[in-house]
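The first chain written gets the first letter, and so on, giving A, B, C and D; residue counts start at 1 in each chain.
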Amino acid sequence: MLKEIREECGIFGIYGHPEAANLTYLGLHALQHRGQESAGIVTSDGFRLYTYKDMGLVSDIFTEDVLSKLPGKNAIGHVRYSTSGSSHPKNSQPIVVTYSLGELAIAHNGNLTNAKTLREELEQNGAIFQSTTDTEVIVHLIARSREQNPIRRIVEALSMCKGAYSLLFLSPESMVAVRDPFGFRPLVMGRLGDSVVFASETCAFDLIEATFEREVEPGEVVVVSSRGIESIKPFPEVKRHAYCVFEFIYFARPDSFLFGRNVYQIRKELGKQLAREQPANADIVVAVPDSGVPAAIGYSEESGLPLELGLLRSHYVGRTFIEPQQSIRNFGVKVKLNAIREVLSGKRVVIVDDSIVRGTTSRKIVKMIRAAGAKEVHMRISSPPMCFSCYYGVDTPIREELIASSLNIDEINKYITSDTLGYLSLEGVMRAVTSYKQMHGKENFCDACFTGNYPVEIVDSEIKIRQLRLFDR
Amino acid sequence: MLKEIREECGIFGIYGHPEAANLTYLGLHALQHRGQESAGIVTSDGFRLYTYKDMGLVSDIFTEDVLSKLPGKNAIGHVRYSTSGSSHPKNSQPIVVTYSLGELAIAHNGNLTNAKTLREELEQNGAIFQSTTDTEVIVHLIARSREQNPIRRIVEALSMCKGAYSLLFLSPESMVAVRDPFGFRPLVMGRLGDSVVFASETCAFDLIEATFEREVEPGEVVVVSSRGIESIKPFPEVKRHAYCVFEFIYFARPDSFLFGRNVYQIRKELGKQLAREQPANADIVVAVPDSGVPAAIGYSEESGLPLELGLLRSHYVGRTFIEPQQSIRNFGVKVKLNAIREVLSGKRVVIVDDSIVRGTTSRKIVKMIRAAGAKEVHMRISSPPMCFSCYYGVDTPIREELIASSLNIDEINKYITSDTLGYLSLEGVMRAVTSYKQMHGKENFCDACFTGNYPVEIVDSEIKIRQLRLFDR
Amino acid sequence: MLKEIREECGIFGIYGHPEAANLTYLGLHALQHRGQESAGIVTSDGFRLYTYKDMGLVSDIFTEDVLSKLPGKNAIGHVRYSTSGSSHPKNSQPIVVTYSLGELAIAHNGNLTNAKTLREELEQNGAIFQSTTDTEVIVHLIARSREQNPIRRIVEALSMCKGAYSLLFLSPESMVAVRDPFGFRPLVMGRLGDSVVFASETCAFDLIEATFEREVEPGEVVVVSSRGIESIKPFPEVKRHAYCVFEFIYFARPDSFLFGRNVYQIRKELGKQLAREQPANADIVVAVPDSGVPAAIGYSEESGLPLELGLLRSHYVGRTFIEPQQSIRNFGVKVKLNAIREVLSGKRVVIVDDSIVRGTTSRKIVKMIRAAGAKEVHMRISSPPMCFSCYYGVDTPIREELIASSLNIDEINKYITSDTLGYLSLEGVMRAVTSYKQMHGKENFCDACFTGNYPVEIVDSEIKIRQLRLFDR
Amino acid sequence: MLKEIREECGIFGIYGHPEAANLTYLGLHALQHRGQESAGIVTSDGFRLYTYKDMGLVSDIFTEDVLSKLPGKNAIGHVRYSTSGSSHPKNSQPIVVTYSLGELAIAHNGNLTNAKTLREELEQNGAIFQSTTDTEVIVHLIARSREQNPIRRIVEALSMCKGAYSLLFLSPESMVAVRDPFGFRPLVMGRLGDSVVFASETCAFDLIEATFEREVEPGEVVVVSSRGIESIKPFPEVKRHAYCVFEFIYFARPDSFLFGRNVYQIRKELGKQLAREQPANADIVVAVPDSGVPAAIGYSEESGLPLELGLLRSHYVGRTFIEPQQSIRNFGVKVKLNAIREVLSGKRVVIVDDSIVRGTTSRKIVKMIRAAGAKEVHMRISSPPMCFSCYYGVDTPIREELIASSLNIDEINKYITSDTLGYLSLEGVMRAVTSYKQMHGKENFCDACFTGNYPVEIVDSEIKIRQLRLFDR
């Protein structure tokens, strides 16, 4: 899909490497697809922290000059597309604070479901917040803890937090990686020579030629310091995990190895499964680039229909685009995609995409393909209808805006003006996702966006969440 | 290929539309693949010209604020990747000058082969140059002409120029489109309501929903003014045309309709032809993204080997990239591409790319694929060995840097470490390019980069050309 | 003197005017001499606060565009030259926070003498500080107060603070002006039509044509809201006041009306008194521009010696100045001042300045005047030897750097290479300052920088203060 | 006066010093009063030229980083306030061009009176202009000259130019200083060790500790190269010189030594002469700062009336200032000046200024002083009524805007609302200016702004001059 759901965040950390800042910059570059709004790096030279954050892309923000001012052998970094707190510079991460035990930086991927409630309590007790992110709540809880040991402070603070968090902390002396007990968001660990590395996805390791070692396990706290690596599991155990299935469907990079499996292959398998469940009487298969390509390859292979490049994507689209006053049909889609008339004209076309969010973009794509001369348009989606909002770190719209929350498949088909519309079933998703040995069982995936079965309580009411967004500027 | 040959330039013009600047901005956006270094728009309100040029991408340069300061119903625009003159702001286009007949703006795609010789003569006669581009030579020739009629001045000036030029001129009163008699570079003409539009490629028309009408013909001068459209053919006729075949192979956008034919389909046909000429005993076909994708689809379709996404391209790579001191193997390629181990491991892989320039990138790609576990790597190129430099607007390296100018195919295969290497024959290219009715005959294409048969004399010696580049700063 | 002592801060507020931001901008411009490092304005539209702060001069920071984004009828502003906390953007004011009662902005002129001690206590209790300013301590004390009424929170917080503070608070609903019980720093109140205005000095009222009404009295809290103006005096009364005498000698603008009296006339009277106490056998009187001019006029008038423009000041000196490697004698002074040889040559010259800080600048000026041909140089200072650091908002160097803390007058005379050196006595200062009716008695002035009689205890040790400066970056 | 007449330009050059760029930067800083709009430095390392120009103040433009990119032992620099050509970046100087003999930079102080006529001829012959400055005309004439020797080219070009020019040329090998035969604008020459220095005023030498040697004489061409210093006088001799008397009255810095005499002392003498010619029955003398101060000192000394600081000037006023919508009386003056009520109240005040241009500012100053309580206001001007525009490099308004071109002294007095108004006579000016030995006779000064006696023909019609200004953008 065309970024209707904005990516969440990506985090990266490296401990004990003379080029910590440079490698973090590369790691963040590999994670850029997880957030294009702002990026930041904090380094430690063993005595103090050095910070640089800005709005924009990693390769624009971190010039040689900037990187040269981030000394030290330890670093954490963050790329962000706001899921909590607006797109304001003050909300960029890592957050760095000075509290009674000294300096601390934190990088967060995920979303707390009781952040607003905790924030209100903290403010009642005199806390002053600088941002509107839920991450700052964690920092205040740490600062107020009466524990003397900083790790115990972190554990105490996180024990009060509910929801999704993959976290990296950096103090002048140590680095701490934490993943919430449900393991919503990915967090992997690796080695580069003697250095320890952490990242949201393995593709960050590939670029810097680090070796993937293992996932940071749900509920695990990994502390890296001059004393080496220590691992503890201080949180009460939970019955199931809740790996985000949507990472497989859309978020993660196809070259990443996630929750034990390569993403591209899962996605291609989703496409094959889709071809089995939702065949189409058609001439060609066309992907909605780029996210729909792996499933389209799978659909083509399984169905035997030839794959064609019927939609071309522009990769030079900036953040905003000025629309002329004279109306251009389907403008928003048109600056990103162009349909190739010579490919589509007179054809019965299967369009493969990974999901439908509001339906407006899909509708524009269908119209664009038909305007290019397609005789029939058969939309195939490699996931089930998305009916529920995510509160665990994915910036889905509020429920009312999700087309599948109010329309059934026939109605959606009518709305997006396709000839036929077919979704992959949840069973089909789970079959693809669990079809390889050593994979997690389907009960360990979070499918709340499709089913509404939220594994962790949403403490903050929807009203609170929206208020905060309004308050934000 | 990964931009080893930098694109040339793209030009766009619109006459008689209240949103001239906005539509030119969109047109340039659609032509962004032809030059990402600088962009500029000049508008006319009938009395004077308004200019804005800057280094960078179209969508970064032209904010709403900037566009609001470009009034008038006529506009021309330019995107540039230097082929003559260095990447200095002063070399960005359109060039705007004030001379005895008033103001004049010029946007140029192509390259003159006698620019340096003309420039020396002009300087001997007191001309002062502001840039190092060959385009400025045209402007000086116009300013020095004794003709009173501005169109005759343009014709007189161009009669002295040799080489490749697709040009748009804008004066306060009129717009002039010119294509050199050989027609090296594309230039198309269309309509948007009552407005006349010009562009390097038809994809610019698609975005603004203009209708493609026809090519500006080789040797044609089209004048658009309040008196309507006039067309003249003032230059001596030439025996053949010289459409750049490399536009089909690499430059043009797959969705453009070029020299009478859709680019994607030509490219796919090149891939099919390649599969016929250069089959491989392999398991899968993998494209070098993005330019190799259409040929790979063709190769897969013709060979029956499945197409797989074995190389993933990052689209967030900025202009420069800071390499860490610790050596990362094949760094330059690695920040742009990642090989998917799970796809490639244990496989015999056909890699399809459009061309090999210096060989260094291809070598890195082969190594990367092998490092990801491929059992065999068979490189297939959808064009013949590139042995000669282009002097007609394509920024190929000097001949000595072209690997095929000094090594034969076996030696190249050895250098890039592939198991086998196969190029498409020139005959194969011409068969694909001319395989559709209404297409030009193969004698009308310029294939100088493969054969060294230069259709237009190179007046400036290679030494002069290199000197100018050195002089530049 | 040439800004060896950096000015402190200036604050301005206006309540109930449709052009609140514009007038605050003008008010800050008139107060620019009190701080050139950063400036900020916060406005309120009755519902929320709008902030803009930046490094630089008021007229550079606040463009029309910036001002248009600061809506509302109430505003406070601040110009700053750091006296506490380094010159870092995060330390610029007004500080704006969100706490349990909503939004609050604060602008501070002065310096707390127990800020570091309070900060340590707050951090022990979990407070997270964003800046290194003492002003943020006040904000945290307010946020932690258990009082429900915001004014009572402010009073409770300030009751814990020792030292100098003239403060303006802005909440969405009201504005609060506070001056510490000793009244170290000035704070005046006036009217512009129906609007209430506050400023550090009356010159800010002159520019916007507001009428000066009265000083905010030491220990007074003035609350302006939709209920009108309320004044309370909630702090325990103190036996004396402690108006900063150095405001008269150097800081305040000559056109301001301060502590009941025009500054220029006080300064001229200091010069007259100086001529009486420290006559000189000389030909001409020359001022160290600009701050020495009024005293030089007084000295000339009283002594009968003609005033000449012997030193010319450049007003284009930017913040930093690049010194060439080839040594230029007295470079730092020379880029700011030039001696006019034709005026000074062969003359016995009285140089009038307001104070000597480290002695290095005075030494350079004496040498420069002698190099221009002066026969004799008689330095006359319109204040007593400065022997002690200020902890109440003036950025004097640490004591060891003050030349008069270790050398006596003869030794200073020798060091700065003048023929004679004469300081005005403290009695002379007090006579000038109190020589007009309605003036405060001399016991109500703080003369700690001359005498070491600090009216308010310095709780933070010197070590703490220096540490904080070191910590800062 | 308050910059109603904008300064012209300042130029500086140094040949043969390892810190050429740094010293030029300092020299330009000392000449900043001659132009605050843009500044530029061009250096030569013997092989090529290096350029940096920007809008703004010298100390803002030339950072350490910028200066480090200007290598070489020779440099020229320029500060500008447009007298010809608008305040557009393209008009900033030095102008650097490449022509048939190589690179050449030029810095110009003055104004040609036949520039537009020459420009039209050049354009007719095919010249393309990049700026709207008259300086570019000189460059084109040089480029078109058929002389082979570059110095002879310069001489030939300047022989065709009429008007005022003090020029510095820099080629990779040599530096050339030229002053027009009438010597309108100053140009001095000095030494710094073995290096040769040139500057508009001697104050630039003082700062870098260079020694003033002599003026570049009217009509002289000084060539500095590896062959040493050569001086020629190639232009036909003229009967008289035409030193700009207004340099003494207003432009030059008081510490400069100009046309053989110190400026401050001339200005003070003008004040004394004014007191003799135009006495006033008054209590105090007040200067309009800063330019009126020297004359006010002279007036006070001669009249015996005490000098008081009745008007205070703000030195933090930026280029533009946003006026609030609510009317502030005399806003434009008020942001720059404040009247001190306590000084002026009840007094009969003599206000001394150097000139009256349009009268509007003087009117505002009189009103401001009266509003501050002055009983009587006697305006005294240390120069004659300014009735004519300058075409020799001073940016006076067109004649119609000069109040003295249409009103007599009584009418001006009435308009500016003073009680009495007295101008210094032309004889009085000349007496002061020529009152010292070794000074030039009065016939050698240009007084065209007072008398309309233009020493050099104005070839370009007024209409042409205005057209060019309108054309400009």
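As a working rule, a residue touches a chain if its C-beta (ideal position, glycine included) is under 8 Å from a C-beta of that chain, and two chains touch if they have at least 3 such contacts.
A quick note: this is a predicted structure, and the numbers were derived from the prediction, not measured.
Asks: Keeping to the contact definition above, tell me which chains border both chain A and chain B.
Replies: Both chain A and chain B are touched by no common chain, going by the contact rule given at the top.
Asks: So which pair out of A-C, B-D or C-D basically repeats A-B, with more than half the contacts the same?
Replies: C-D
Asks: Taking each chain's centre as the mean of its Cα atoms, which chain lies farthest from chain A?
Replies: D
Asks: Can you check how far apart chain A and chain C are, centre to centre, with Cα atoms defining each centre and the answer in Å?
Replies: Their C-alpha centroids are separated by 51 Å.
Asks: With chain centres defined as C-alpha means, what is the inter-centre distance between chain C and chain D in Å?
Replies: 36
Asks: Could you give the separation in Å between the centres of chain A and chain D, each centre being the mean of its C-alpha atoms?
Replies: Taking the average C-alpha coordinate of chain A and of chain D, the gap between them is 63 Å.
Asks: I need the residues of chain A touching at least two other chains; which ones are they?
Replies: none
Asks: Quick one: label the inter-chain contact graph as line, ring, star, complete or other.
Replies: Chain contacts: single closed ring, each chain with exactly two partners.
Asks: Please give all chain pairs that are in touch with each other.
Replies: Touching chain pairs, listed by label, are A-B, A-C, B-D, C-D.
Asks: Contact residues on chain A for chain C in the complex?
Replies: 97-100, 123-130, 139-140, 143-145
Asks: Which bits of chain C are touching chain D when the two form their complex?
Replies: 18-19, 22-23, 25-26, 29-30, 32-33, 36, 57-60, 62-64, 67, 203, 206-209, 253-255, 257, 262, 264-265, 268, 290, 293-294, 297, 301, 306-309, 312, 314-322, 324-326, 328-329, 334-335, 338-343
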